[in-house]
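Below you'll find the structures, each written out as structure tokens.
Each of the next two complexes has chain A plus one more chain, namely chain B in the first and chain C in the second.
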Partner chain A sequence: MNKTLLFILKKLGSLLATLVIMSFIIFMLVEIMPGDVAQMILGQSATPEAVSALREARGLNDPVLKRYGRWIAGVAVGDLGDSIYMQGVAINSILWRRVGHSIILALTAFIMFVPLSIFFGVLAGVKENKLSDSIISFFGLATMALPEFVSGVFLITIFAVQLKWFPIVSVIPIGESLFSNLNILILPALSITFVMFGYVSRMQRSSMIQVMNSDYIRAATLKGMPRSYVILRHALKNALLPTITIIGMNMGWLFGGLIVVETLFGFPGMGSLLMIAIKTRDVPLIEACVLLITVIFSLSTMTTDILYSFLNPRIRLQGGQR
Partner chain B sequence: MKRTISIMLLILVLAVSVVFAGGDKEEAKDEKIIRIAEQVPGLITPGVWDGQAFSMNGSIYEYLAEMNPDTGELEPLLATAWETEDGSTWKFTLRKGVKFHDGSDFNAQDVKYTIERTQDPTIGHLKKQDFEVVSSIETPDNHTIILHLDEPRPTFVYQLTDYNMAILSSEYDYASLGESKPMGTGPFMMQQLTPKESALLVRNPNYWAEGLPIVDKLAIYFVPDIDASISMLESGRVDVVPFITQVIKTRLEKNPDINVISPYQEMRFISMRVDEKPFNDNRVRLAFKYAMDPQIIARSVAQMDLNDGIFYNETPIMNILAEYKEIPLRGRDTKKAKALLAEAGYPNGVSVPMYYASDHPFGKELAQTVQELAAPAGFDIDLKGYTRDIYLSQYWMNVPLSITGWAGRPDPSMLLLLAFRGGGSWNESHIDNPKINALIDNISEEANEAKRLSYYHELQEVFYEEGSLIDVQVPLLIAVSNKIVNYRHPLTQIPQYKYMDVK
Partner chain C sequence: MKYFLYQLKKHPLAIFGIAIIIFWLLAALFGPSLMQFTHTQIDSDFQMARPGEEGHLLGTDSLGRDILSRIIYGSRSILTVALLTSILSTIVGIILGFMAGYFGGKIDAVFLRGMDILMAIPPLVLSMVVLGILGNSTILSLTLIVSIAFIPATARVSRGVLLTEKSQEYVSAARIRGEHHLYIMFVEILPNTTGPIIVEATARFAYSIMMVASLGFLGVGLQPPTPDWGMMVIENKPIITQAPWAVLFPALAIASLVIAISIFSDFVSKVLIHEQ
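Coming up: the complex of A and B.
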């Protein structure tokens, strides 16, 4: 138990270190972007005096490290600051509502693609080189190769324009919440599912094939156990390990990947917010969004590691985190 | 696995609690509402307002005067009358009984505050230079304001219709509330603003004009993607989408429920930089102008006939304005163009890059057409398209040849000082021609209208002979559901939603 606790603590420590380093890199990257907030606000016609006055007024003339310190100190206590660009608007008031939307979208996609791709992956693995395997593998490859903005348009054309089952644009009517408009989740979640299905089902298929060809499965089969029992009880548990890793790693990716899907569907989540922040050069908002994506990415990677170690005790006990 | 599920449930519950912050509903029964999809605005506080979300700000704030879109004349709004002797002293009589949305009274102090605010260095006011000419402000009573200018500006009243000159309350803290709780005297008040997402405006019950506004609410969605906006329009979720492109217009023409209207033209300046090779030589500029074919440009850029919604000239004055002088178009003459180029020392033609905003309506189409037309005359044009924000923040002032979008100004002298007077802050062609400078000065200071017009005409002739630009005037396109009655949108760029109705 001590070892497990130590393992988790170590993971948490490295997570914290990653975040500190990443926050610094994010801050510096934004720093070297051409033009600063004062210049953006004043535009091309600004005189140098006006720019420097505005810089002074907004505390932009302080040294970089001092500004980084100010920012990170705020972030540490959960205050992402006011947007320097939109004076008086707290980033917290914009961001969390959208993060909530994105989490719900990601979870909806998760609920769709995880069972679907595991089921079909197992099916393809068990029926290796049969017709059903070929069909599933082909479909998986095809959807994986299609970027979200292609499959998204495809889905919109079929389900929104032709069949009119779902709205074309995933906008929440003013004053209503996401929960009275759950149907706007379906198409964006489906187009995420399209991409993820390929990855996960292929991974599931190959690990299933590997496991099914291993000695202990053959032994179990020879013992006369029913095939379904062998597959569900013996094979699946081991064949799931690599799949879980892939899913976990991709949860972080999925969050970053929401930018495309959310922008395409006009969904008011964090991805489209980041897009808007970049377009309007809202520097503090960009920093907050990117930092949050980093946090989510690190957290999902860490969760995967921990989960994996529970499922596969060898990693935990042999110090797999080398 | 149980653990994973419980973690997920926890996240779900958290997300639910964050999201469940419902607000006021967009639509109730028996209410008239106009729904608009706008681009996502940056800053919205007047003074630093970046010129987006016109439907929102233009409904919350008001100006001293507004323009009648049918006649192009200025009509009283917060000022009931204005007068000037020679353009150096301006007296405005202000409307009585007007209240701001916070209940405070509108008076001369508010106008004084709004004008003085332009010179506050901590704001970075976009109209700072235009109002530097104001030397002193008098407020003899609560409803009169007198501006004294350093130099005569006979058309100064137009400066006060600029969208950044919305009248603000002297008692309101715009520095900290301007972005989150915009507040003015306008026909609609902000009820709920979700930054970067949407805004719900409701009728101002104390609005001074009887019977206005006609509709009860304006629901404004900020949609980053124009195609998403159009999808919302097509599926009936919004009624108005401003600033669409020609391609979308063509697509919408088949839809009987949607009209595409063009309230006025915008300009695209094909600008040649005159202080650098090759365009420092007027013969090269003339050669370039001779290579163009206005009719082909009109057809291929907008699928329209010349002078039927799209216009072409070689001066900064729009064809629709009273100041425009009709100068016959130069015919296309590639032989002459080649000869001029050779004379200027480029017998084998010249290579030049052309920069433009690729995502701006008509930008790409115009760039490609110009490239094709100029090639036979010996101009080898290398197209450099960038998104508009990058184009404007990095290139347009520093390149030999460019296409820039300009909004028309109701008073062209505002534009001349900005872009064609030596030392002007947006002088993209770097032109500093003594003849042109003198004419621009005369135009901005001359009080006699007939004389001013003659200066304008002279200026346009000079531009035709040795100017630095080709001015293609493309239609501003707005997609409007046919439920909307009386869509009004004058050259000041402020759509007038208070006059509009819904069927």
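Coming up: the complex of A and C.
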């Protein structure tokens, strides 16, 4: 138990180090962005005196390191600063609602693609080189390659324009919550499912094939156990391991996918907020969004690592080397 | 090569994929000069013309620009950027990964640490933010930024490949002969690792197309008036009920190209891994 605790602590430590370095890189990146923040707040017609007064008041003339220190100290106590584009509204008051929306969208996609891709991956693996395998494998190869907005456009054309089952845009009417508009989640979640299905089902298929050809499965079959019992009780347990890793590793694509899908459907989530921040050159908002994505993404990668080492005792002692 | 052709006969799907790739390459090279309309020409009398109307084979968009010539012209930029990106990220990946794997120790530790940091941001988010901040993307900036975002992946593959080769006897023989480290890495080891590296590079090509299309869609790709497939999808999305062709044809162009490249890269990996 001590060893595993140490392992988790080590991971957390390196995560923290990564985040500190990353936050500095993000800060420096935004630094080089053309344009003056004070000028942006006051507009083009502002006098040079007013601009320099505001620069002084906001501490924009301080050295970079000092400003970084101030920002990161604010972040550490949960103050993400004010948005410029939205006239000084606290970022905390707009960001978290959208993060919630994105999480619900991601979860919806998760609930769709995980069982689907594991089921079809196992099916393809068990029926290796049969017709059903070829169909599933080709479908996986095709959907894996499609960017989310392309599959999204196809889905919109079929289900929103032709059949009119779902709305073309996923906006929440003012004064209503996401929960009274759950139908807007379906098409965006399906678009993400398409890409993920490809990755996960292909992985599941190849690990299933590997396990089905192993000695212990052969032994179980020769002992006369029914095939379905062998597949469900013996093979699946081991064949799921690589799939869990691949799901965790693809969280990165899931994030990129969220931004693309939210932009396509106009869904009010974190991804479309980052998009707005970039378009309007809203420095504090960009920093807050990117930092948050980095935190969530690193945490999910770390969780995958830890989960994997728990499920697979063979690598537990090596201290999480990949 | 003969073996490759023999394998091709056994995989009819791969022939289909290669045919589509060749089609797009030819379209990018010669297509624009064959078009009846130019990609920026605005035909204000025929806005949102249906496919086939007035010589517009795939219809026009809300400004009356010919969809077909915009798609054909747009194939140039996406193929150029994706090709350059996969080549650049593979080469830099080989150099970094080989150095780290070959020398090991502190260099390797620094390398892994650096890659961990770069990997803390999803590649699409990284490229989108940096390109958005820089503004006015060009072919050069797109290629450079997307390559950087891809380097952790390519470098890790190269490092892994090198580590499996490093313990081979011909490497220690070259060391005893007193060959230079660079000579051992790139003249002795590299030729023996072409299989996995080519597999990675072709897969990288498919990812690059996906990425460049997505960046164009997000509006941080090449700037107008250069037509970009991803951008065509988002700028015509508001008129999807009146003129679905303006959205569907660019989306189909992206789909055909990425699926063809995926089929091809799947085939390459089957052939090269089977070979070993």
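The rule is simple: the second predicted complex is superposed on the first by the 295 of 322 C-alpha atoms of A that agree within 3 Å, B and C clash if a C-alpha of one lies under 4 Å from a C-alpha of the other, contacts with A are read in each partner's own complex, and residues count from 1 in each chain.
Just so it is clear, a contact is a pair of C-beta atoms (placed from the backbone, for glycine too) under 8 Å apart; a residue touches a chain by one contact, two chains touch by 3 or more.
All values derive from a computational prediction rather than experimental measurement.
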Just chain B (first), just chain C (second), both, or neither: which does A:F149 touch? second
Quick check for you: in the superposed arrangement, does A:K279 touch first (chain B), second (chain C), both or neither? both
A:A76 in the overlay: touching chain B, chain C, both, or neither? Say first, second, both or neither. neither
The answer to whether chain B or chain C touches more of chain A is B
Between chain B (first) and chain C (second), which, if any, makes contact with A:P268: first, second, both or neither? first
Looking at the overlay, does A:L65 come into contact with chain B only (first), chain C only (second), both, or neither? neither
After lining up the shared chain so the two structures overlap, which partner does A:T18 touch, if you call chain B first and chain C second: first, second, both or neither? second
Where on chain A do the contacts with chain B and the contacts with chain C coincide? 34, 156, 168, 263-264, 275, 279
In the complex, chain A residues that touch chain C: 14, 18-19, 21-22, 25-26, 29-30, 32-34, 138, 141-142, 144-150, 153-154, 156-157, 161, 168, 251-253, 255-256, 259-260, 263-264, 274-275, 278-279, 286, 290, 293-294, 297-298, 301
Considering only the defined contacts, which chain C positions touch chain A in the complex? 13, 116-117, 119-125, 128-130, 132-135, 206, 210, 213-214, 217-220, 230, 233-234, 237, 240-241, 244, 247-248, 251, 254-255, 258-259, 261-263, 266
Which part of chain A faces chain B closely enough to touch in the complex? 34-35, 38, 40-46, 49-51, 53-54, 57, 83, 85-89, 93-94, 96-97, 99-101, 103-104, 107, 110, 156, 160, 167-169, 171, 173-179, 263-266, 268, 272-273, 275-277, 279-282, 303, 307, 310
Chain A partner, complex, touching residues on chain B are 3-4, 7-8, 11-12, 14-16, 18-27, 40-45, 48, 121-124, 126, 128-129, 175-180, 192, 194-200, 219, 221-225, 228, 231-232, 234-235, 237, 389, 392-394, 396-397, 418, 425-426
